[in-house]
Amino acid sequence: MKKLLNAPTAYVDEVLDGLTLAHPSLVRDGTAGRVIRRASGIRSGKVGIASGGGSGHLPLFTGYVGSGLIDTCAIGNVFEGPNIDSCMDAIRLANGGRGVLRLYGNYGGDRMNFDMAGEFLEEERIHTTTVLGTDDIASGTQDERQKRRGVAGLIYAYKAAGAKAEEGADLDEVTRVARKAVDATRTIGVALAPCRVPTADRPTFSLAGDEIEMGMGIHGEPGIWRDKLKPADAVVDEMIDRLLADQPVTTGRISILVNGLGATPLEELFILYRRAAERLRQAKIEIVQPLVGNYVTSMEMAGASISLHAIDDELATLLAAPADCPFWRVP
Amino acid sequence: MKKLLNAPTAYVDEVLDGLTLAHPSLVRDGTAGRVIRRASGIRSGKVGIASGGGSGHLPLFTGYVGSGLIDTCAIGNVFEGPNIDSCMDAIRLANGGRGVLRLYGNYGGDRMNFDMAGEFLEEERIHTTTVLGTDDIASGTQDERQKRRGVAGLIYAYKAAGAKAEEGADLDEVTRVARKAVDATRTIGVALAPCRVPTADRPTFSLAGDEIEMGMGIHGEPGIWRDKLKPADAVVDEMIDRLLADQPVTTGRISILVNGLGATPLEELFILYRRAAERLRQAKIEIVQPLVGNYVTSMEMAGASISLHAIDDELATLLAAPADCPFWRVP
Amino acid sequence: MTAITTQHIAAAVSGAKAAMGDLEQVLNEADSKLGDGDTGSMLTRLIDRLAEADTATEPSLSDTFSKLARAAMGATGSSLGTLFATGLMTASRMTKGREAIPWSELAPLLSASRDAMMARGGAKLGDKTVLDAIHEVALAVEGLNDPVAVAQSAKQAGQVVLERFFNESCKVGRARMFADKSVGMHDPGMLAFVKLVDAVAR
Amino acid sequence: MTAITTQHIAAAVSGAKAAMGDLEQVLNEADSKLGDGDTGSMLTRLIDRLAEADTATEPSLSDTFSKLARAAMGATGSSLGTLFATGLMTASRMTKGREAIPWSELAPLLSASRDAMMARGGAKLGDKTVLDAIHEVALAVEGLNDPVAVAQSAKQAGQVVLERFFNESCKVGRARMFADKSVGMHDPGMLAFVKLVDAVAR
């Protein structure tokens, strides 16, 4: 598991330097430089959206800072939540006077730090709400849905909330649509090969040369089964079946994200998408704005996830609204 | 080297199906469905740009079909040139009555097939010219520059020629800027891990767990040296030194492409970019429109390439002109 | 009779730092089985930051704990690191204005930290987390006022708790979904706490 | 006295197809040393297409070669495949209107194909490519009119040329840059031609 890096402990800061140098619409801010915000700052009178999470998932989280998406992002070390200071900075920097939605994945560290940041900020009287991404169906049963982890599907919540905030909606409305987008989204992943945390001397898990693991988390947390590699169509079929079983698509319309975990080539993602589209067509579900590519990764992990985002008219409108960040653009 | 696919022999067609399903601006055409063209067709009166090459390099080649870029693309099997029929189809479909520039990489099979296609098309009186991408400095010495292979830097030629054609320029002008863009571009790659052709039962090369190879080609062809993994900065320094030695940047301005070969995470590309930008700043070379990401890949090969595209006012204008395809957009 | 002072805390931090050299990859490895493989590297960084925080001139134990808490918070936002910082903040609150506390106050300090960590993280005793280890050590040193006895009991309690939970399953985080897989291995947070107690209580 | 007919060509194609089962990965492997590792899979596909092309009812050898050339062109755009198709096109041109040709005309057919391939690909004899193998076989069967003797000589020539170039370096393509690395291995195109001659000349 070779990596092109310098000191492993400098990894995150060098990545952020490169990211912001290459994309001037993003700037580093915050006490420790661990917040990415829009270069233009928060528009006064707009509800702010602050997110955050661990490093190692580019374009998530920092890459989605942009118009029609999120305003600020607190970023931690690889697979570690952002620290309290960064969370506080991200919330403050997203404050345009109409409150801030905290929108991030449902991970222990992230939650504790955003919570503590909120407590510290109480006296500053920034009105905040929280919505947690919980789309990974392999990370909790149906009746524990609120305990599920947030993975690739989080970007649909960014999109909905970001579009609503850009419209000038108030915090309650932005919060409502973020929650609605989370509720409408389900994801499952399949892993082919692990990644390695830069400071660790071995990969986060190991899989035999002919094995895959269904349902694995984006940090390499255990999945539902581990078995021999199967044909792509069989893998997709199982993923789609599991997603639809967890959430019947009553609206008849979805957006789908076929997401690469990092090391899986675009070619394979298109092979997966082809089958997924076929299956959805058979199920008489219309696909709107499909996304195929590396949207939420785990460094050099190999594999893919599929997210289904069931949309009604409101979510469809928010999804189609203009958005622009270095890694996702809706014209 | 696990792959998510069905029959290895169905790989390319399934990829193209997925690609065109996900991106309706691209459609399959040609006798064997091995041409990708713009859904809108060629605009009458515009010079056409036809490209082509082997599969396995997405987003290259087919992904760059779009406004301000190329019009059609003949696509072969993995690492094989497109066949004559596809080349003929691509040229015909790019013909809007003002001639067609054939713009592709300098590989044996591609060249022979585009040449033969040209001969077969002679009686159809489509006026064509040819420009070959030759940016890979590790594939030939300075005095054999015309023998060098085309790699990631080819997209700069797409951009320049595409912008010029969109302006309404004639074939000679479009050909001139394509050649100028090729002449102004140099690339070098470094590989960390191989890929596998879907029908082959082993990778195209092997590298020890702690080795890298400088100058390796995008099909795994041998490079300049093979040695222990070095710090990212040292790798970048050597790459930049080699690029600048091959082509002193007299214009003082370049665009740079830090390109992932497929399995290398964005994080590492930003670490490389950070250093490259530092080095160019030290050399008092201004960076315009940097590109960091997977633009030209070799499926799941790990590693990166750096391309420098030295620009004068003309190339700068063409680079900045609007362009839009699923994988590269200039607003 | 000795009491716990800022110097003891500084010595504990040095001891912990020295121990992390060997522990880093062991803890990463433990975490990689069910989590993301970063516990060791996170703790290494966190303890490096504690060691960098100059606490020698802090007027009270409370200030020392507070400075360390802030250093810990700056070092990470991971679950364990944040809980660790939460524990330090609690210790700071409980030692307001005091330059030293008798060893017998270690147990209530640990218990209060444990409770604050439970409130913050939402886990319960028995879930097979760092909490169970803190709890066990707190119980073991309860009423003891002799540093040697405290060290002895703490170390012993660490071994006991590790063994007791080895064949239990994790009940928090994603690991709870794969309870079976967590049987027959140590929880990385628990293991970290026990190993650091060992190092500090030499 | 026998002559080369459409039936011979069909038999040669079947023989080649049967041989590819074992040859596919051997040739991929040979190509992976300096090229991109696809020679075997490309040839397998190409020869499958030739076998699918129904040439039984073609009126002349020329039509048979032409049909095969078109099948080959449809199968690939790789260097070797395209050169192969170029050779077949040349054979077609040289056999216009003829239902059969004597075995003694095999040599001029091979020579003409070789020349067309040189013109198309720009390589020279001695560059260590498939051309050298074709050349050697053409020389070896020159003047022979007995199919058994032709087969014998062709097979022998194949061994000779493989050995002769084994320690030479490649002079075309990217491999020329790393001439040293190509010493001590077979050129995949040359190896393919020789192995297919072996299979066809059983």
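Quick notes on this structure:
Order as written gives the chain letters A, B, C and D; numbering starts at 1 within each chain.
The criterion applied here is as follows: contacts are C-beta pairs under 8 Å (C-beta built on N, C-alpha and C of every residue); 3 or more make two chains touch, one makes a residue touch a chain.
Computed from a predicted model, the values in this text were never measured in an experiment.
Note on connectivity: the fewest steps through touching chains from chain B to chain D is 1. Distances between chain centres, each the mean of the C-alpha atoms, put D farthest from chain A.
Spacing of chain A relative to chain B, judged by their CA centroids, is 30 angstrom. If you average the Cα atoms of chain C and of chain D, the two centres end up 73 Å apart. Here the CA centre of chain A is 31 Å from the CA centre of chain C.
Centre-to-centre separation between chain B and chain C, using Cα means, comes to 54 Å. Shared interface positions of chain C, defined as residues touching 2 or more other chains, are absent. Multi-chain contact residues of chain A, defined as those touching 2 or more other chains: none present. Interchain contacts link the chains end to end along an open line, per the touch definition above.
Inter-chain contacts, as defined above, occur between A-B, A-C, B-D.
Every residue of chain D that touches chain B in the complex is listed here, in rising order: 24-25, 28-29, 32, 34-38, 40-42, 44-45, 73-79, 81-83, 85-86, 120-121, 172-175, 177-178, 181. Residues 8-9, 32, 54, 74, 76-87, 107-110, 112-113, 115-116, 138-141, 149, 196-197, 199-205, 217, 219-222 of chain A are the ones touching chain C in the complex.
By the touch rule above, chain B contacts chain A in their complex via residues 2-6, 11, 14-19, 21-22, 55-56, 58-59, 190, 192-193, 195, 209-210, 212, 229, 231-233, 235, 258, 262-274, 277, 290, 292, 294, 297, 299-300, 302-304, 329.
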